[in-house]
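Below, chain A partners chain B and then partners chain C, in two separate complexes.
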Partner chain A sequence: MFVSFLFYLSSALTLAGALGVLFTRNIMYACISLLCSLIGVAGLYVTLGADLVAVTQTMVYVGGVVILMLFAVMLTGGKDFKSRMQVMFNYPDAMGNKWTYGVGIAAALVFLAYSAQLIWKIIQSATKPEVETFKSTVEDIGISLISEHVLAFEISSVLLLGALMGAAIIARPKKIITDGEDS
Partner chain B sequence: MNQTVVSYFSQLLGNTPSWALTFGIFFLAAFIIANIAMAIGGLGTYAERKISADLQARLGPNRVGPYGILQFIADAVKMLMKEDISPRGADKFLFYFSPFLALFGVFATLAVLPVSSGFTLTHLNVGVFYLIAISSLIGVSVFLGGYASNSKWSMLGGMRGASQIISYEIPVTISILAVVLLAGGMGFNTIVESQKGFTGWYVFHNPFTFIGFFVYFIASLAEANRAPFDLPEAESELVSGFHTEYTGMRFAFFALAEYVEVFVLCGIGATMFLGGYQVPFGLGGDGLLGQVLQLGAFFTKTFALYYVVIWCRWTFPRLRADQLMTVCWKYLTPIALFNLVGCAVWMVCFDGQSVWELIFH
Partner chain C sequence: MIGLAPYLIISLALFCIGLAVMIARKNIVAILLGIELILNAAALNFVAYSKYTAQNLEGHVFSLFIIVVAAAEAAVGLAIVIRFFQNKESIHIDEASVLKN
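Moving on, here comes the complex of A and B:
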């Protein structure tokens, strides 16, 4: 009972955060709503018994991605528009053209059809799950990461190393060579 | 008795308790822990003032209560009475929201803080990882507090705070990872139970963990925005950093969050490297007496570290911003990485034995 209570609470937080991201015009509030939503998703993982995934979710998204977004928003600035019309007036290109609208609508329809099918299947085959005793997933994940999925694990580490080196190269101050003068 | 608060009540309530009852009981437990943490944070401010007075040959607070020990309550009352001001151009919602986010991030870490084997709220199998993850909310709150104040000082302080906290998370995490490697588990109970006796402490386990302890301690000072790394609130440059515009109780929330965070980080240091709640020779057994002794052991070690933190604050001058980043990225992070690899090699070469075991066996 308590677990399902927590499940509904987390779902409510997730949905509220997601709706907040969609409907706010202040980009800072959108970031905070996203934070709420991601914490809610972590709560969902916990109630489904995936403790390691939940904590990783918090670590990566709350600790990394949201802070990065906040930094990006703050460093790039941005105007506080009162209405959507104002945005459209000031940046007509930002609202898209026929081509982008067409692709967007097509993508939305495909997604809708697919997700409706998926949800319909789930609804049809839904039974109330038995509440299992909570079992930690850390050891299983750890063992399967370095046995079955070791190739993917190693390749992702190479990818991360590449990203790190790329960031270092981009952030590096460019030396401008001038003839005998300090620039 | 050898179980946590949550597991004890879960067993007591049986399989299908009503959610309201469960919620009520866990709320009560969390409420008690949060209040104790508040008291510790308050006493932290008292300790800070008293120790700084001692180091500067002054008396410090000595009027309210015996030796001025009730000063923090008087301060809290004063803070509550003060006017709650928010700047005209401030983002009101975020301005009011961020102190609570800071408190939330700090108090969420208390859920896994292993004060003793029985009085801990819960033993998570991912305890260390959870703690590192949830404490990053404090960085968000510092940043938001600085941003929402709509003041240049606050903005700069918030920027510095966030960049400092996310930078210093890396040496902290890596030096904790070395201990996790030795203990073979991320749960705090696993880590503490594997450090039996004085010679079992991980700080004396091998040379790498010895260095790792100091890396952890320095980096945790920076993570809690304590001097000599208190750049986010450097008063000579930034007035008061990210909480310049905060008044009254909202300011107190930030201050309280800082002191409780220092307590938590010292507790983690004691748990990871100094044996945690292990009582010498296992005195007191598994009963209530043993639990009380374990509380004593944990708090002694933690407050000893807390004293060192305050001592550092009143001894060392503040770093510059570029020096701060240099210390993190050019010294602490490579050393921590070296320690991690060194610990792994040590585990393989000596079969996980500590220096003491190698010498005396």
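Moving on, here comes the complex of A and C:
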């Protein structure tokens, strides 16, 4: 069954990528692992029949956000290769030490044990759905976005404009002060 | 047929790994990577419930808005990271201690 195969492949890719983000020492490899994880989540969307969400995930996350992260990693280095390596790796515990890893994994396990009970109840009461039909959701989502969710749609446009202007203003280069004559 | 539960388990695992990344990492960009994982887990849950219990498209719409907000958050967060690096010459989270004490 193709859908089951795609589900197992995507879930393995998702979890492997997420574990790579957690355990790799190199920030560049962590970004690439996040890329794998996001592609896996897009595959899971495909198995759920959410075609528009899968395509949007691929375009926005894989094409946009990860590239932005890689740009940030590359821009936050030093002037040359050696000082960049200094910033990234040779700082003491640059990516976390044993203490922070212990606390983080313990917190994750506590949350896991807490919510595993909830999920166990859902598994007990879950009923298998009937036969699966895949059909395109693009038209329905489009109509829904501009009819009943039009307020959220417009607010998100304002949010994106504000975030774009805010990012451009925050990250602008420092003003170079020369002599004080041409302030 | 796959059913709802495997998606919930994967989403829970993704959330827990994202939480561990946020707590364990000392690098600001890596903390942003953990936030992205957590937002993805939430969006995956929305789409899974939308297919298996609600059987409408509200979850898809909500998931699209989650992606939009995550993109805006990543842009602003990375701008702050670059600004922080210009001031401190480091992206270590322990350097961000101006408000301490």
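Quick note on the criterion: the second predicted complex is superposed on the first by the 123 of 183 C-alpha atoms of A that agree within 3 Å, B and C clash if a C-alpha of one lies under 4 Å from a C-alpha of the other, contacts with A are read in each partner's own complex, and residues count from 1 in each chain.
Here is the rule we go by: a residue touches a chain if its C-beta (ideal position, glycine included) is under 8 Å from a C-beta of that chain, and two chains touch if they have at least 3 such contacts.
As the structure is a prediction and not an experimental result, all values here were calculated from the model.
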Partner chain in contact with A:L35 - chain B first, chain C second, else both or neither: first
Partner chain(s) touched by A:A163 [first = chain B, second = chain C, both, neither]: second
Touched partner set for A:F2, first chain B, second chain C, both or neither: first
Which superposed partner A:I141 touches (first chain B, second chain C, both, neither): second
Which of chain B and chain C A:A171 touches, first, second, both or neither: second
Chain B versus chain C as contact partner of A:Y101, first or second or both or neither: second
Touching partner for A:V55 - first (chain B), second (chain C), both, neither: first
Chain A residues touched by each partner, larger count belonging to chain B or chain C: C
Overlap of chain C and chain B interfaces on chain A (superposed complexes): 4, 52, 56, 64, 71
Sites on chain A touched by chain C in the complex: 3-4, 7, 11, 14-15, 18-19, 21-22, 27, 30-31, 34, 37-38, 41, 44-45, 47-50, 52-53, 56-57, 60-61, 64-65, 68-69, 71-73, 75-76, 78, 87-88, 91, 93-97, 100-101, 103-105, 107-109, 111-112, 115-116, 119, 122-123, 126, 128-129, 132, 137, 140-141, 144-145, 149, 152, 156, 159-160, 162-164, 166-168, 170-171, 174
Touching residues on chain C, where the partner in the complex is chain A: 1-10, 12-27, 29-30, 32-34, 36-37, 40, 43-44, 47-48, 50-52, 57-58, 60-61, 63-65, 67-76, 78-83, 85-86, 89-92
Chain A-touching residues of chain B, taken from the complex the two chains share: 16-19, 22-23, 91, 93-94, 97, 124-126, 129-130, 132-134, 136-137, 139-140, 143-144, 147, 155, 159, 162-163, 166, 169, 186
Residue numbers on chain A that touch chain B, as the complex places them: 1-2, 4-5, 28-29, 32, 35, 51-52, 55-56, 58-59, 62-64, 66-67, 70-71, 74, 136, 138
